[in-house]
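Here it is: the structure, laid out below.
Letters A, B, C and D name the chains as they come in the text, with residue numbers starting at 1 for each one.
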Amino acid sequence: MTKKSVGILGATGYTGAELLRILIGHPGVSVEWLTSEKFAGLKISDVFHGLRGFCELECRSISSFKTLPAVDLVFSCLPHGTAMHFTGRLLDEGARVIDFSADFRFKDAALYESLYRAKHRHPQYIDDAVYGIPEIFRDDIRGARLVANPGCYATGVILGVLPLLREGLVDETSIIADAKSGESGAGRAPSLDHHFPESNENASLNPGAASHQGPEIEEVLYSASGRAAVITFVPHNIPVNRGILTTIYTRLKSKAGTASVLKIFEDFYRDEPFVRVCSEGKLPDIKDTRYTNSCSIGVTTNGDVALTVVSLDNLVKGASGQAVQNMNLMLGFPEAEALGFQGMFP
Amino acid sequence: MTKKSVGILGATGYTGAELLRILIGHPGVSVEWLTSEKFAGLKISDVFHGLRGFCELECRSISSFKTLPAVDLVFSCLPHGTAMHFTGRLLDEGARVIDFSADFRFKDAALYESLYRAKHRHPQYIDDAVYGIPEIFRDDIRGARLVANPGCYATGVILGVLPLLREGLVDETSIIADAKSGESGAGRAPSLDHHFPESNENASLNPGAASHQGPEIEEVLYSASGRAAVITFVPHNIPVNRGILTTIYTRLKSKAGTASVLKIFEDFYRDEPFVRVCSEGKLPDIKDTRYTNSCSIGVTTNGDVALTVVSLDNLVKGASGQAVQNMNLMLGFPEAEALGFQGMFP
Amino acid sequence: MTKKSVGILGATGYTGAELLRILIGHPGVSVEWLTSEKFAGLKISDVFHGLRGFCELECRSISSFKTLPAVDLVFSCLPHGTAMHFTGRLLDEGARVIDFSADFRFKDAALYESLYRAKHRHPQYIDDAVYGIPEIFRDDIRGARLVANPGCYATGVILGVLPLLREGLVDETSIIADAKSGESGAGRAPSLDHHFPESNENASLNPGAASHQGPEIEEVLYSASGRAAVITFVPHNIPVNRGILTTIYTRLKSKAGTASVLKIFEDFYRDEPFVRVCSEGKLPDIKDTRYTNSCSIGVTTNGDVALTVVSLDNLVKGASGQAVQNMNLMLGFPEAEALGFQGMFP
Amino acid sequence: MTKKSVGILGATGYTGAELLRILIGHPGVSVEWLTSEKFAGLKISDVFHGLRGFCELECRSISSFKTLPAVDLVFSCLPHGTAMHFTGRLLDEGARVIDFSADFRFKDAALYESLYRAKHRHPQYIDDAVYGIPEIFRDDIRGARLVANPGCYATGVILGVLPLLREGLVDETSIIADAKSGESGAGRAPSLDHHFPESNENASLNPGAASHQGPEIEEVLYSASGRAAVITFVPHNIPVNRGILTTIYTRLKSKAGTASVLKIFEDFYRDEPFVRVCSEGKLPDIKDTRYTNSCSIGVTTNGDVALTVVSLDNLVKGASGQAVQNMNLMLGFPEAEALGFQGMFP
């Protein structure tokens, strides 16, 4: 069987590294090219030593191509603002794209422009874009030419809030999501905030992520539930490499025990390969899902407060794993192909 | 001037080490004796090398004393359940005690007994006990014979909630406090949960601390404000040695801007040497207060939600620093004596 | 094709977890049973959550078996001193065993007994035992009924020293190996030394490992080279979960450039799938091999000093990965089967 | 008594922060001005929050001064290459300077120029410069107008090697120093190598520091002992904020027991307030000296190898603490003034 071909824009950040790791284990896909402005000219295996013997492609500058070679699907790991130019151009040329940036996540272009302080250059493709959480938009993803891969924080909050919201069980106006994220979520570009001696032994709020992914969460929850939820979303940085633990506080419209609330989650995610609902009495931690494409959800109630705890790996289910899950749907592979890694301990 | 004499029960845990560090810099106090069951027979400077040349006392087993030598004040760093026996006996003998355990924090003995699953052996001293947050109970602390030194989490939540609660500005039934604590908060006894490879690169909930300090917070807030607040208190462990960052979510009864809410905190803590209210636009992180007796509070509002972020060092303002602050009041020293350390960076 | 069957003694420590992770991905092997005294009665997937859906065996106490069910091969991850009893008994019954402990690593039983302060109960099997570094003893391993799986530190030092030693290029009496190891190397039993707040932000020497694995290294180097090298072996603990970086200092009998010394390593390991010799100018770090079965070696010379830097993951090439490599040889699988994982970054 | 006045060039790096912390506690010194190019215009207490209430000076750009105001002593924390310009100019104007850079550490200007790839602009001051280790050059420091504050690694190696070298007990040609340093040693400028996800969970060699501080060590040891030692100096980065643990391997010219080697260290450092020789059987770790101006040295011998382990805090005894110790000598204060901090645990 001939393999499907893919290319990767911006392959030398953390999401690119993780994407390559996963794709190397995928029997139906061949990476044809990859780009990196910073490491152009180096072999990717000289940038990420673990890839030696698995992938020896050279990192190319985008400008070194006259046109990007046609492939069955392009992953763009370029940053917000930059991505839309290339994604737009690729769509013009008929390509299918999974875009990791926020550039096509919003249906409301004006909202995007105000949040990211950038003019949207390809608003004509916004309608085509499907938000890439398979558990919610699976059918649309299959046929999509453009998938907007979700934010890492947003994935966890949406998966943790939607079941109760859709059932109409929680007060839409008082949802709080307090997230703790590993440092890789801030990307690979050095900065004082993420310089080792500054972030080690510290914990701090992340107001930038709050202002970006809060509205993303609200827009997607509305489109998935028809309910206009107001989310107080407060992300924090903690000194670990990977993983997001999100504690979600919702107010139940009427009191309910843990078992009955858990049942709603179990029903909602019953057939999902990558969402795991913990049994009563268990709440997940970061290690439960680290290095895996799983999202683990635990619930407990106290009076009219339902506490939902969501664990996922920001680079896998929060980024590159989910992107491959979307690719599998788009290209007709089994949805879980190459995503079965059970993690490492410790 | 003759110095005041103190003794320390349980000096070789983390709170004991920190207490000794602070007392060594106190010009008016002399540590006369200290106990440790685990390190009995060793010099304290062989347990904590930093004390060499500063304190060469021998660790004694409690049972090695016929009676504990009389001193002006005893600090008990013994664990919950054990502490009450010794604190009770010391009070019988006329001593003044600052007790780090939860044993005398609750006015409601039955609540204490159900939370800590232990019979209270000295309920006759519960009424005498003053809860040791000087910013709230300063006058009572001065004359107290028994100070119940507060929980580390509780200190931050109480200081972060009380100003708005007392003014009647927030809905008493929907207060949420999401805390992230360093590992030293769990004490010095080895356990699988706090074994390095298990807690490193992880973050997890801490249900034990939730069930203990949640009710403590509610009882103290009621006694300090006359309002029966319901707190959803959810503590987490993160892989740092020290520090607690608590993000508190309250619902304002009527909308208010950040500046007007901040003003309430500024007025409340105007003359306090150890509470620092951040200017508008700033929220504290763990490094802001690490190694110091300061509690740093930042506020921002969004609609009717007020977000209050509290940073303190769990071993200083959350334990031993606050104990010395209490001692200073009890023994007539300037309240800030020996507590001026400005921290270390990085 | 029918799979080969294996059993695991002591499956709930770190080497057990890693062994299970690898075996789950092995197409030719089926884990039939596993034991754990500490977690007896629990499903292994409740001990290590990542195994859910991959392995649902129950942890059994050894004493719950009348006799351990016959399998093609047993892995013993039991600690030194305990292991020999069960390994001996299994050999009596005709089983083949890979023993992770030091109990059968030494040919000199008296040396073992003095180092480990234990009487050897099954010296009759010492001669049968093959030291399990495939790069050196591959042919003997194939037919062995008992493989003594090497120490994690020892693996790195031996692989880093042997090429030059065997060629007679270095002074045998002045070899120094300074190793820095992650905390998982000390095992999963909680202790004050490895309690998070004690080992975090610290680095310290590890005299216990020095006294044990130093003589192991010397004995194996002698048997592999015929030269009686004296190794000053000094292991250190550093606050990372996994990985050992060892810097080896040897004195060349005559000056030689980096290129010519590198060539000796390249020739020695030319056909080895799991030893990677870095190109001139490169020295490995821990991340180069983390989570993989690779051992990465870099060399540089300065005058008559050759500096050899060896990186490996203490739980993979330093323990469970190497054990599976040995198993593959013993049971006739391709040597690299199930060991191709390229690691994770970051 | 009027205080002595000092100024600080480059106050907002890690050595600047530490220097300010110490000087604030010094009763005889007043900081008159400080410069920072990066944070010019901000109050230093807005850069380092711990300084609030202790120091409210504004960070000035150097160019904002016509001439730097005259003070009794200037600390220059400027980087190598930049420092010499300002130090030279200050000396022209008659100031006394403690320079943290390497610019005046070498007596051999050509060696400096080849190592640091920079032309020395003020070689006329090289002869005046005194290398700032008080334990060795105390008398010269007192009267010096220019002190070259030592490298952090160099301080530990020199203090650990000199006693045996001066006594002629060790082979001068085979000294090896393997150092493990915290990340703050690399400074505060963000870079990929010290970006949190890259250095966390890693350990790596530091060839830049090797090439710079190796020759510095050799030059100083020669000048202090008259013996031309050849040091194989190999520094490593480990993921802690502070501290250097250095393991030094020397070959004794004749066998000697640990006690007799220890005695040489004890005699050498008998009256030193900041060098602590461990009793037999003890070797220091990083926590022994963290946050203090102490250097802790332990020794053990094995055959003809003497193992010397040195622990110090790279920002205190390895930089700013030692600078204040030098200042105390230069300005006539008690040598230990403001340097008595006993550290923090954990």
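Keep in mind that, in the parts below, a contact is a pair of C-beta atoms (placed from the backbone, for glycine too) under 8 Å apart; a residue touches a chain by one contact, two chains touch by 3 or more.
Just so we're clear, the structure is a prediction, and the values are computed from it rather than from any experiment.
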Least hop count linking chain A to chain D through chains in contact: 1
Centroid comparison with chain A (C-alpha atoms), farthest chain: D
Where chain A and chain C are represented by their mean Cα positions, the distance between them in whole Å: 37
CA centroid of chain B to CA centroid of chain C, Å: 46
Gap in Å, rounded to a whole number, between the CA centres of chain D and chain C: 39
In chain C, residues with contacts to at least two other chains: 14, 184, 197, 200-201, 239-242, 287, 346
Complex interface listing, chain C residues touching chain A: 14, 17-18, 21, 24, 48-54, 184, 201, 241-242, 276, 287-288, 291-292, 296, 342-346
Chain D-touching residues of chain C, taken from the complex the two chains share: 174, 176, 178, 180, 197-198, 200-205, 207, 230, 232, 234, 236, 238-243, 245, 247, 249, 251, 283, 285-287, 290, 302-303, 305, 307, 309, 346
Chain B-facing residues of chain C, complex: 14, 182-184, 188, 190-192, 194-197, 199-201, 239-241
